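Each of the next two complexes has chain A plus one other chain: chain B in the first, chain C in the second.
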Partner chain A sequence: MAEVHIIGQILKAVDFAEPHLYCTWTLQSGSAWRLIQGELHGQTHVSANRLESCSDFAAPLDIHLSCAAIQGWPTLLVEVHAVNVLQQSWPVGYGFAHIPAAPGAHRLEINTWKVAPNGWWQSLRERFGGGGASLSKTDLLFSGVERYKLQTRSSGKIIADLNLIFRKFEEYGVEFN
Partner chain B sequence: MSLPGNQSSSPSHEKPKQKLNKNKKASKCAKEKSSTEMDSKPTASYFSLSITGQIVSATFPLGPDQEFVFLRYELVAGPDWQLASGPQHGLTQLATNKSGHFNEPIVFNMPIEVTYKSTSPFGWPQLLVSVFGRSGMGRESLLGYANIHLPVFGSRPTTDQNTILEAPILMPKCPNMFADVTSWLLRREPELKDPKVLLNSMKCKGLSMESYGSLEFQLHTIMRGARKLGYNWHA
Partner chain C sequence: MQEKSRDTKRTGIYRLSGKITDLRLDIKLRHLSEWLPVPKLDYCGAGVYSTPPASSSTNEFGPAIWGDCFIFVPTCDDPIFSLGYGKQAYYNYYYPATVSLSNSRRSCSTLAGSQGQVPTSGSSRRNNSTLTSPRGRVFTSGSSRRSYGTLASPRGHVEISDRSQEPVPDPELDQNRPEEAETETESQEQNKWNVVSEASRAFYALNKELCNGCTANLQIAWQQKHFSRAELETFSQQKHAYVTPLQRRYHRYAQDILQLQQHHLRMEEQQQELAKEELVHVYRKIRNSKRWRSESSTMSWFPNGSNSSVSMSQVSFLEDPNFAARTCLIHTLVDADGEEHLPTEARQLHADGFQVMYVYADLQEDTLLVTLRYSPALGLLYVYPDFTCSADDMDYEVKIDRVDDCRQLYCYGFQSTQPLEAVGAEEWSLQMEALMLNTRNAKDHQGKKEHVQSNEQVPVPANATSQELLDYFHRQRSLSKELRVISNFATPAKRMRRVSLLLDIQEAQHFEHPNIHVRYHIQPPPHTLVETTSTGTNPIPLRGATSTCMDAGDSRCAHLAHCWQLTLLCEEQFDPVHLLHIYFEVISIDGWQRERCEGYTHFACSLVDPLPPLSGEGLRLPCIRPMGNWLDTLNRYFLGGRQNFDFVAFFRGRSKPQCNLYSRLSLDTVNAMRNTGSLLFRIRKLQQRQPEMLHQLKMQLGLNSIEESETDKASTLGEVIAAFVQAKDRIRELLGRSFSY
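Coming up: the complex of A and B.
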């Protein structure tokens, strides 16, 4: 079976309006992929920069997957949450990116979006009352099926550095661009 | 979990000696000798990784919080990795940039030379650095932590060998306002009991950190035996 190693870090979150952020990440893949070693979910610590408006996480990722079919190529889903002084947290960004299909080093910039407030009361609550609306079904993140009713706003970016090592793909005749 | 090539403690005594002899043999540059040394290896299912380089400097945009800065670095790797040579911890000198501008990099020039042996890239070694500061009076305090992965093979094009890797320095913050006030009164900042918590994404929920400053590293990688095991890191 072919194997894929994903070794890297979720580096930072930039361009978000809120200063104190944490990020939860998940690696989603199809049914032909199995996890051999590593964790498929993670949550970073809350971070803020003293001077700039970015949040440095430096959260390491080390995942070893085995692959029986190319369908269901893994994707990295991120959800960025903001925290306020009262320790309440609310999501301020959803995003995903496919793991690149070439071995080597890659810098992923995942653009995120958040659910738009639906009226003046919700915009007021978003600013002062501990956060706006969030998604109830998070599988909307990676499927395009039921998105047409959702109104969203653009949010910041997550920057992740991934190094990919592939193994035994040539034995199965798989070629990468 | 026992994997082929991951021997128990008694053969590991012989392995570093074997490795040293192999290095001496290879330096004599004879092709026949190198082919016999390949055959005499007990298991060829591991690859070795040599990292050479240095911790170049630390940069604080508005100057460090303390006069002198020193670092303590530690190499953390997964269960399949064995340190074949090189120190696992190190402590640098006390450095300062007092004589120059306050936001000039504080130069350490701390060499890092390690060799690891492993059967799988999982648990790739990481460098975890704790940054401490020392005031002129001799009081030491924590300035932050930084962690990077040692360069993974294929991570840099060969024409660009002298790029500097940067890692942000993260300082833990007090969990609540009462702890904030207490730490300001007693002049003691929070420290993590075990900085390895930063490397584990399951354990750092709820931890609050502030990032200020960055560390610069220059690291080069030499691998041996990885391509034979079928690993592909070039497109």
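Coming up: the complex of A and C.
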């Protein structure tokens, strides 16, 4: 089976309004993909920077996957959470991007969004009480047909550096272009 | 379109230390999600000026508030539109058919009379099967006594179809005002479960807990019988109808289940009477918040972070964690049922000395969840699919896909209550099956030659212990590793190529109004097939919409971050000249839920040639929209709505000269286009050809040059021509890569 090494780091989160952030990430792929070594889920530490809206994570990624088909190409799903002084946390950004389909070094800029508050009362709660709306079912992140009924707001960006190594794909006639 | 799926479940093999009768399975099943069905509307070939007026479409699809919105139907004669789900169907998604659905829900959810047949799923295999009674009579699933399954009456269904066809409201409905509050509340419940067809209505009535997000739990012992609904009907007749001890025992089980159901019905009625006042209160609350119903169903307020957004107090009066046994949702087929009721493979497994057990779930159609077989001689238990780490994991998915109905996705998991010792991997189980097959061949063919041949393939004595067998196959596995690796990877069929596109709509900006979303529509070139995987995130990858980005899209950047994968199989007749077209339409929705078109854009690429160099980083696609005259501008500002603009024909340069259409060369400002915002779009491409399998095999087997030349002679003329075409394509690609960019 062909193999993919994903080596890199989740570098930083930029342009978020909240000062204290951490990021959870998940690598999702199709049913023909298997994890050989590494972790498919992870979470960074809480990073804060009040001078500029940039939180550095530098969380390492080292994933070794094998695949039996090119369908279900892996997708990096990131969820950015904010933390307040009461140690409450709530999601402030969902974003996902395909792992690039070419070997070498890549910089991914993942735009994120958050769920828009559902009325003025929730806006008030979000502004003063902390917290925000979250998706109750994460498969809503991926369903494509009626997505426009999901109301979101733009959030910041996650920047990730990835180095990709592909192995044995040429034996199965796969070309990247 | 052709859909292909992949099965990656594997068989687990376990060695039992104790008795097989001590085996207990904890199985859990829950409803995961659903997709709305694509309405089957025939594309009527509407032109730009022959589109039906907006008033007729609003009467059909929604209330009068949509009167100022037009439904756009592109002028296009491509085969994609002539299929069942054309673009017209896609654009009609926005208009909720609330009136007819609420009527039908109301009638179907009413508790009905005691007579009637259970409206179970029509296409299920075993529900249709008849079970022969001991006295020679044939009992079907319908019976005259009251059963738990008669919650949804056939009379109710007749009323549904009548009402949905008649425009005049039924006078009975107006007379039954006191019932209105209850039934309306039930119809509110069912918003969580899109009840579209009659089969799904019946299914909802029978499995309310499952449909409303509860997890079905059941513990199953080895060879323990759990009835399906049809079997429950069969074995709940009068006691004297059964002769054999097994039938009497099944009759006793059936009586227990019926008592459980009657008890639950009584409890539910009592609860309904007690909670009537509270129900009316709930109903009013729901009606007040009706406007936000769709949003509230898709999200929950943090930190109420449960997996389901459904409040149980609104959907079920009695919370019963063990509803699966009562509703006969999960049922089993065991050896005692006889081979005529078991699947056909069971006969052979019995001949091989296995004990078998099948676990089914009645999810609108009978679905096989688990297959268990136990070999008493080897002491091994085979489980397909393998146990999940915990029953709560629910790693396995079941997709129920029915014509004209919602596509439902369930997940389930199961574990053994006692720890088992795993002895095999997937390959071993395959080899064990090969062993059984060979032993069977040796039994069937008594001839000496075949017997010797089978001994050559399996050089182990017939009375070998299980450990010897496992050791043997462990050695075999290492020998055959390379060949298996080659055959494992999914490759396209001969002379076909697979093209996989990774598409990503990143962001949009500089449009006139905020609250935008993007709808896309992909038109693949002819002679291509769309491949979808069984665990695909998007059931229809050719069309879709991004989420609506509130308060962004004008001067503020709207982060859409929508990515999906599209895999196409190019047939032999595919011509690389034909391009893949992707059409984007940016739409804003204002506070009164009126849509305005903010811009159209288009991207076309060849499936064979390399993509533009910056496509992996992001292409900024400029959007345009018709400028229109002053009246259109006023309409757009005050009323909103979307114009009839055939952007597919516009981008493909197919505007008809006799129509006064939008032309890029027209000097008339009425027909001119204007720039709006831009869209950041990213596309990456993967191609897969049939690898030269023969060459690889030669390399690995180390054949010498003489054998190679013999093999080359054996290649057919068709293979030579295919190799020539492939080489020509590659040369053309290389030339295109060096000169085009």
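Points to keep in mind about this one:
Here is the rule we go by: the second predicted complex is superposed on the first by the 174 of 177 C-alpha atoms of A that agree within 3 Å, B and C clash if a C-alpha of one lies under 4 Å from a C-alpha of the other, contacts with A are read in each partner's own complex, and residues count from 1 in each chain.
Just so it is clear, a contact is a pair of C-beta atoms (placed from the backbone, for glycine too) under 8 Å apart; a residue touches a chain by one contact, two chains touch by 3 or more.
On a predicted model such as this, the values are computed, not experimentally measured, just so you know.
Within the superposed three-chain model, A:F176 lies in touch with chain B and with chain C [touch as defined at top]. Of the two partner chains placed by the overlay, neither chain B nor chain C lies in contact with A:V14. In the superposition on chain A, A:H5 makes contact with chain B only, while chain C stays out of contact range. When the shared chain is aligned, chain B comes close enough to touch A:A59, but chain C does not. Counting residues of chain A touched by each partner, chain B versus chain C, the larger count belongs to C.
Shared-chain residue A:L35: touches no atom of chain B or chain C.
With both structures placed on the common chain, the touch criterion links A:S154 to chain C but leaves chain B unconnected. Residue contacts after overlaying the shared chain place A:R167 against chain B, while chain C stays out of touching range. Residue overlap on chain A between its contacts with chain B in one complex and with chain C in the other: 102, 171, 176-177.
Interface residues of chain B facing chain A in the complex, by the touch rule stated above, are 61-62, 78, 120-124, 126, 146-149, 152-156, 167-168, 170, 198-199, 201-202, 204-212, 229-235.
Touching chain C in their complex are the following residues of chain A: 1-2, 30-32, 68-73, 75, 88, 90-91, 94-98, 100-102, 110-113, 115-116, 118-119, 122, 125, 131-137, 139-140, 142-155, 157, 171-177.
Those residues of chain C that touch chain A in the complex are listed here as 6, 8, 32-33, 35-36, 93, 292, 294-296, 298-303, 305-309, 485-486, 488-491, 498, 500, 502, 504, 506-507, 517, 519, 531, 533-541, 543-552, 556-565, 567, 587, 589, 610-611, 616, 684-691, 696, 737. Residues of chain A that touch chain B in their complex: 5, 7-9, 12, 20, 25, 36-39, 41-51, 55-56, 58-62, 64, 83, 102-105, 163-171, 176-177.
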